[in-house]
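Can you read through this structure? Questions will come right after.
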Amino acid sequence: MVASLYGVKQAKKAIWIFLEQEGGKLEGVSLELLDKGRQMADNANWSLVGLLIGKDVSEIADEAFSYGADVVVLADDPLLDVFTVDAYTQVTYDAIMEHKPSVFLLGATPNGRDLAGRLAVRVRTGLNADCTNLNLDKKRGILVSEVTGFGGGIAALIEMQNHRPQMATVRPGVFPPGEPDKKRKGKVIKLPIKLEADTIKTKVVERVVGEGVDLTQVPALVVGGRGIEGDFGLMRELAGLIGGDVGATRPPVDDGYIERERQIGQTGVVCRPKVSINCGVSGAFHFVVGVQESDIVISINTDQEAPIFDFTDYCIVGDVFEIIPALTAALSSVKELAHG
Amino acid sequence: MEQTEQTTKDQIYIIDDAKWDELIEITHGAAAVCYQCGVCTATCPWGIVKDETVSVRKFMRQAQLGIDNGSEQLWLCTTCAQCDASCPRGVVISDVFRGLRQVAWDHGKPEEGLPSVLWSVFWNQNPWSQAPSQRFAWAKDLDLPSFDPENHEILFYVGCTASFDKRAQKVSRSLVQILNAAGISFGVLGDDEPCCGESVLNVGHKPYFLEIVDETMKVFQERGVTKFLTVSPHCYDVFKNHYPQMDGFEPVHYTQYLAVLIDEGRLKFEKKLKHKVTFQDPCYLARHNNESQAPRKVLGAIPGITLEEMENNASDTLCCGGGGGRMFLETAAGERFSDLRVDDALYTKADILVTACPACISCLEDSVKSKKLKDFAVMDVAELGAQALRAK
Amino acid sequence: MANLHMVVCLKVVPKPEEIRVDKKTNRLERTDARSELNPPDMNAMEMALSIKERYGGKISILTMGPPYFEPLLRVGLAMGADHIYLLSDRDFGGADTLATTYTLAKGVEKIEGVDLIFCGEESSDGATGQVPPGLAEWLDFNQITMINNIELAPRKKTIRGRREIKAGHEILEVPLPAVVSVAVASNEPRFMDYRIKDWAFEEERMTVWSKDDLDVDAEYIGVSGSPTIVSDLAQAATRERKREFLTGTPEEIADKLKVILQDAL
């Protein structure tokens, strides 16, 4: 049997979390993992360690402590300014091989997945991707991961007995974010960096945040139908709050309220967001084809008999102009939703 | 990258001799006899809605010269056969269009969205990207028996749209009610029901269509299917005119079947309705299959219905815009034939626009909604018929 | 780059809505389920074909799986790929990501001279997007994942891939050889070219390699090469919509929706 580079015996009783940061702020999913990791560590009496990589990011360590980390292993170097899979895998590998944690968790973000996939092979261990739940069996020291497949139709529990670290990725939003405790303190361990610029093959040519529509790839979709009477401002506000984008049925497009590129449906864009919110949409077949792949469908319609409700998880019989403002108000009161 | 797309799309194909032969073969030599009079261009309904008409004549010319510029216009044709009917040389122009489309599939780039339709037929056995295992979900509560040639008079072939489209499902259900009321013993194929391939044929992919024909015929033979009725005139047309007509193979459109039942006294509509209606002849019944009497016969058998004809009726009908793969392509607002048709219908002062085709319903109902009409409905013959059955 | 050699990893998966868990054996029951090519892999194929159209080169299809995959893999040839390599051996069975990527990498090595590998973003049957980086690691190739657009600089021998990130996008550049994974639905896969369908079904278009044909370490393949084990399996909620009606004042409904959205996003 294939063996990991270190085994159960050498592994330390520690849960490691990859602390993903963007512009000096920790990603929501990292905070969620810290909280979950804290609970598991407390239960098993293990330690919780955050791995923080970047350039001039040492200040973030305090945030990690306040969310539960006992220790932050810090890799700070100009070459680590933006994420490149080459550099980050190398640094993470060095850190892991030095400290030999038993569990290593990452957010299933594009970067988290890139890193996890390469690292698992490099240390010859298993990787449970996109877990929907995690549990640390404290007697055996084994991480039990729940994953789903087949569009969520099948759930499986997965574990590894002989390989370390036990790696898993978790999508943003699976675990609730914890409450920070500003008084919590921890220890920072600096990692010596042995990177050469020319070993980094990946070049970031362009990076634009907050621009461009590709409705096929959005995580959340707010659709306005004829029933919203062209009030796409309302739709945009909601979409902005949940990190999504706006689509429409054909009639508002016909009436010139919104660009044709945003028409959802058989003859428009077919989307597969995590959530779609249909506002004042009746649910014609040509439209439904465009949102049927959504993980969750929410619909708001004044007509209880509207066919859209047959394709909906959460049905709201009500006036868009009452429900949506109430919803945006409720959402504005929480700072921001994590989105991945 | 965008550029590659562009160049392939607008590429001009100078078709060599081999391709020319191919084209003539694909179009059964239809193009060859055209003498460029231009009557077809003048009759094409696109002329009414677009400033620039679809120059059917020009396409005929290009087909003759073996040039296909793969333009968007090629995909506009709804295969409504209006032009076929008027051509003095008897050219089956819709066939020429299908042939030109086949050339585009082979040598260029078909219209965006259409490859997905073919893939859906390939993976899902329906063009609507619906899970094949859900094909008979609409009839879950109806307990329809699986077709058995020994015991059943006829097979009810539902077809993809009438199986999956919620609106069209109402037509299917109405038809079941009527058949039951007339005491017909019938069965269905359930989740095994194959797609007839109509959309594949009409977007011009003949080779794949022929493969579908083989597979469908295999299922029909295994299940002992001979006589069957369809909801959609499109399925009916494909079975009737593009499938091998084996011994005993007898597709009928449901309006034809009901018309016979009425003649035989087996079907009676006993409840009186009070409606003035007008009738939209589906192209695939009235023109492609010369059938405009059957639906009228059924309407005439419903007590209390008066039929007020529109200007263009029977074989002179105006297409709803949904044929020839147009159900999968966007038609800009203001260019939809169905808008014109609803105006025609309103002019008759009818309160219901009746038709007998799921595509017509889709298009016409959309136009009715966008005109924000009140007290005016689009219904299928079967739905009206079901309303006129005596309440149990 | 007329001699650009591309590999597309295609996977045959059961239609997700038709898969069941056999309660007795606690295993996936997939024999009755219809199969399809993993939808994101179709997008990968389309992207490779667009490169081939523009720069030439050839496309090999690479799959690890049982022989019954064959007819569906031929679909890839009919779309425009040149050859199929099917890695098929009983001992490859039961592989998790580590063993799968190892075996595929051995296949790539045996094919020789591969410049660019395309994978789907993830596969619908559960292996979630970890194959592309793992494969790249075994081969020591560069990687760009989840891209929806690619550009090739043929003389410089680099690729640029664009990917969507949180409310924006980035463009990454790496030298060849490289592995890319293609975002689902990022393009429209072309339909099969029926003029080459007979060609696509000719026997010599496909090579089957067993473990003896590949230079593999028996410890690294199949079950023995897989660190993870499935300890339990369950049928999760059906894919049917809930149709749950939320009631109350607009504010009460908004609060319920807020919780639903926070859980989902």
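In this document, chain identifiers A, B and C correspond to the written order of the chains, with residue numbering beginning at 1 in each.
What we mean here is this: a contact is a pair of C-beta atoms (placed from the backbone, for glycine too) under 8 Å apart; a residue touches a chain by one contact, two chains touch by 3 or more.
Because the structure is predicted, anything quoted here is derived from the model rather than measured.
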item	value
Pairwise touch network: line, ring, star, complete, or other	complete
Core chain by centroid distance, with centroids computed from Cα atoms only	C
Chain pair, A-C or A-B, that carries the greater number of C-beta contacts	A-C
Averaged-CA centre spacing for the pair chain C and chain B, given as whole angstrom	37
Whole-Å separation of chain centres (CA-atom averages), chain A against chain C	21
Centroid spacing, where centroids are CA-atom means, of chain A and chain B in whole angstrom	46
Set of chain A residues in contact with two or more other chains	270, 310
Per-residue multi-chain contacts in chain C, two or more chains	17
For chain B, residues contacting two or more additional chains	113, 116
Chain B contact footprint on chain A (complex, rising order)	226, 250-251, 253-255, 260, 263, 266-268, 270, 283-286, 288-289, 292, 307, 310
Complex interface listing, chain C residues touching chain A	14, 16-17, 19, 21, 28, 96-99, 101-102, 124-134, 136-138, 142-146, 148, 160, 163-175, 183-186, 219-220, 224-239, 241-247, 250-251, 253-258, 260-265
Sites on chain B touched by chain C in the complex	1, 4, 8, 105-106, 110, 112-113, 115-116, 118-119, 122-123, 131-134, 205, 207-208
Complex interface listing, chain C residues touching chain B	15, 17-18, 34, 36, 42, 50, 53-54, 149-151, 188-195, 197
Residues of chain B that touch chain A when the two form their complex	113, 116, 128-130, 164-168, 327-330, 333, 362, 366, 369-370
